[in-house]
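Once you scroll down, you'll see the structures, which are given as structure tokens.
One chain, chain A, links the two complexes that follow: it is found with chain B in the first and with chain C in the second.
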Partner chain A sequence: MSETGAREFESLDGMPSAAAEGLHCLLWALADTKLLLGFHYGEWTFGTPELEAAVASCSLSQSELGHVRLLHAILKKHWNGDPDAIIESRPAAAFANTAYLDQPVDGWPAFVAMNAVVDLAATRVLASLRGSAFKPLRMSVDKMLDEERHHAHHGRGWFRTLGRRGGADAEQLATATGRALGAVAVWLGPPDDPADRALTEAGIRRESSFAVFTALSEDLRQLAAEAGVAMPTAVPVAFAGWNPRTRRNVGARGPADDILFHLRGEANAMFRLGE
Partner chain B sequence: MAVLPVYEVFARAKHDEPLRHVGSVNAADDELAKAYAWTLYDEESWIEMCVVRREAIVPITEHGKVPVWGN
Partner chain C sequence: MTDAGKVCPFCGSHDTVKEADFGTSLMVNRQHCRHCHSFFEAIKWGDRSQDLDLPAFLRAGRDDSRD
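Here is the complex of A and B:
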């Protein structure tokens, strides 16, 4: 029995098909979000307000990419997903990352919102998988959560720092935070998502995405109050033709071409080993 | 420009060794100091790491001065 009291699964054998499909989509979304987080953190190794933040950003990038590797290994073993193809050959619109990461992160307040909201949302989704009935995930989840503590410290620390400064810094942070929270709400999905319900019923998740969003909103409300940042009282969220595979509404484009070009290393493709 | 507080960083890599001073970081608050210390001083797999604000340290000897009674 798992910590959630449900039957354990060593593989997908015997797992209800709705739960298996929901888990596939969720892991894919986590991997894509972490891939894009890793890219943006990596880019912000330079340009941070202080040297310590540059080192921290570089380190956050490394750990996100390490998590992508762990998640891709699970996707490869249980769904036969080729990690190279996942990154190299999917069209932009197939990426299931949080839409906040689709465009360049255009300033330090936007970076802090990414760290404090988007990264924390992914971490809260991971936390909802602790003690999962899907055994291959358990050890990886605990390792990832252990490393994510430092991401959370960095995000909260900078959120408070910009909030205490007030003025334009705090205003830009509030705007970026509202934008990030809106994107995360869509990424987490509608409250009545059947795949999400199948995952909680099978004991693969202990909390639904809606519960994750509620907890995340409360985290941010407390942090904003402490930091003196004026948060939007309600984030308008619309689900129009929401696709559980991409966790986006119909018509969404995915990451910008320029970001995918750099992320895939297309300029250096000819140097790949074995090609 | 505001001067950021200095935090001294202490860590140990094994249970049977004492905490030792490994460096310092400048940070606006305790949480940032934790993140900076963990990411900056990552040369070992520390089993324990902590930070303390330099201003919270109570000196016993004057800086750089050997006590008059020796050792």
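Here is the complex of A and C:
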């Protein structure tokens, strides 16, 4: 039995099809978000305001890419996917990452919002999978959360620093935080998502995405109040033709071409080692 | 501060033993879990939850006796 008291699943055998499909989509969304987080953190190894932040950003990138490998291994084993091939061949609009990561992170306040909001949202989703009835995932979640504690520590520290400085720094942080929270709200999905319900009923998740968003908003409200950052009182969120596979509204474009070009290493494709 | 008694990040067991003083970097050592037989790296110092600025959900369920 899992910690949720539900039947335990060693594989997809016997798992309700709606839960299996919902889990597939959720793991891809986590993997894609962590892939893009890793890319942006990696790019920000240089350009940070302090050398220590550069070292931290490089480290954050490494652990996100480690989590991607771990999630891809689960996807490969249980859904027979080829994550490498899918990353190389999928159109941008098929990526299920948080839209905040679709474009370059254009300044330090935007970086801090990525760290303190987008990264934390993915961590809250992971935390909702603690004690999961899907054993292969349960064995990995605590390891990832252990590392994410340091991501949260770093994001909150810089959030407080920019907030204390006030003025334009705090204003830019508030703007970026509002933008990040809006993107995360769409990524987490509507409150009535049937896949979410199937996952919680099967004991694979402890709480729904909507509950995750509510809790995340409260985390940030408390942090912003302590840091003196003026948070938006409400984040307008619209779900128009929301696609559970991409966790985006209809017409969303996905990561920018330049980002995918660098992320995929297309300029160096001729040097790949192959099988 | 001690290198003993790290909690296994895979299964949560305390039945762990230090295998090597260094892992892939100076700040970590290599540990073995005798319960689930996993190997893992653990930060040697300064990893107690009370030293970190964390939202409540990342503190919950943590065992601060790791160090």
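The working rule: the second predicted complex is superposed on the first by the 274 of 275 C-alpha atoms of A that agree within 3 Å, B and C clash if a C-alpha of one lies under 4 Å from a C-alpha of the other, contacts with A are read in each partner's own complex, and residues count from 1 in each chain.
Here is the rule we use: a contact is a pair of C-beta atoms (placed from the backbone, for glycine too) under 8 Å apart; a residue touches a chain by one contact, two chains touch by 3 or more.
From a predicted model like this one, the values you see are computed outputs, not experimental measurements.
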Query raised in the report: Just chain B (first), just chain C (second), both, or neither: which does A:145 touch?
Result: second
Requested in this report: Tell me which of chain B and chain C touches more residues of chain A.
Outcome: C
Query raised in the report: Can A:215 be said to touch chain B (first), chain C (second), both, or neither?
Result: second
Requested in this report: Using the touch definition from the top, say if A:156 reaches chain B (first), chain C (second), both or neither.
Outcome: both
Query raised in the report: Given the touch rule stated above, what does A:262 touch, chain B (first), chain C (second), both, or neither?
Result: neither
Requested in this report: Determine, under the contact definition given at the top, whether A:56 touches first (chain B), second (chain C), both, or neither.
Outcome: first
Query - Interface residues of chain A shared between complexes with chain B and chain C - result: 150, 153, 156-157, 160
Query raised in the report: Where on chain B does chain A make contact in their complex?
Result: 4, 25-36, 38-40, 42
**Report entry** Interface residues, chain A side, partner chain C - complex
**Finding:** 120, 123-124, 127, 130, 139-140, 142-143, 145-146, 148-150, 152-153, 156-157, 160, 215, 219, 222-223
Query - Interface residues, chain C side, partner chain A - complex - result: 9-12, 40, 49, 52-55, 57-58, 61-62
Query raised in the report: Along chain A, where are the residues that touch chain B in the complex?
Result: 50, 52-53, 55-56, 58-60, 150-151, 153-154, 156-158, 160-161
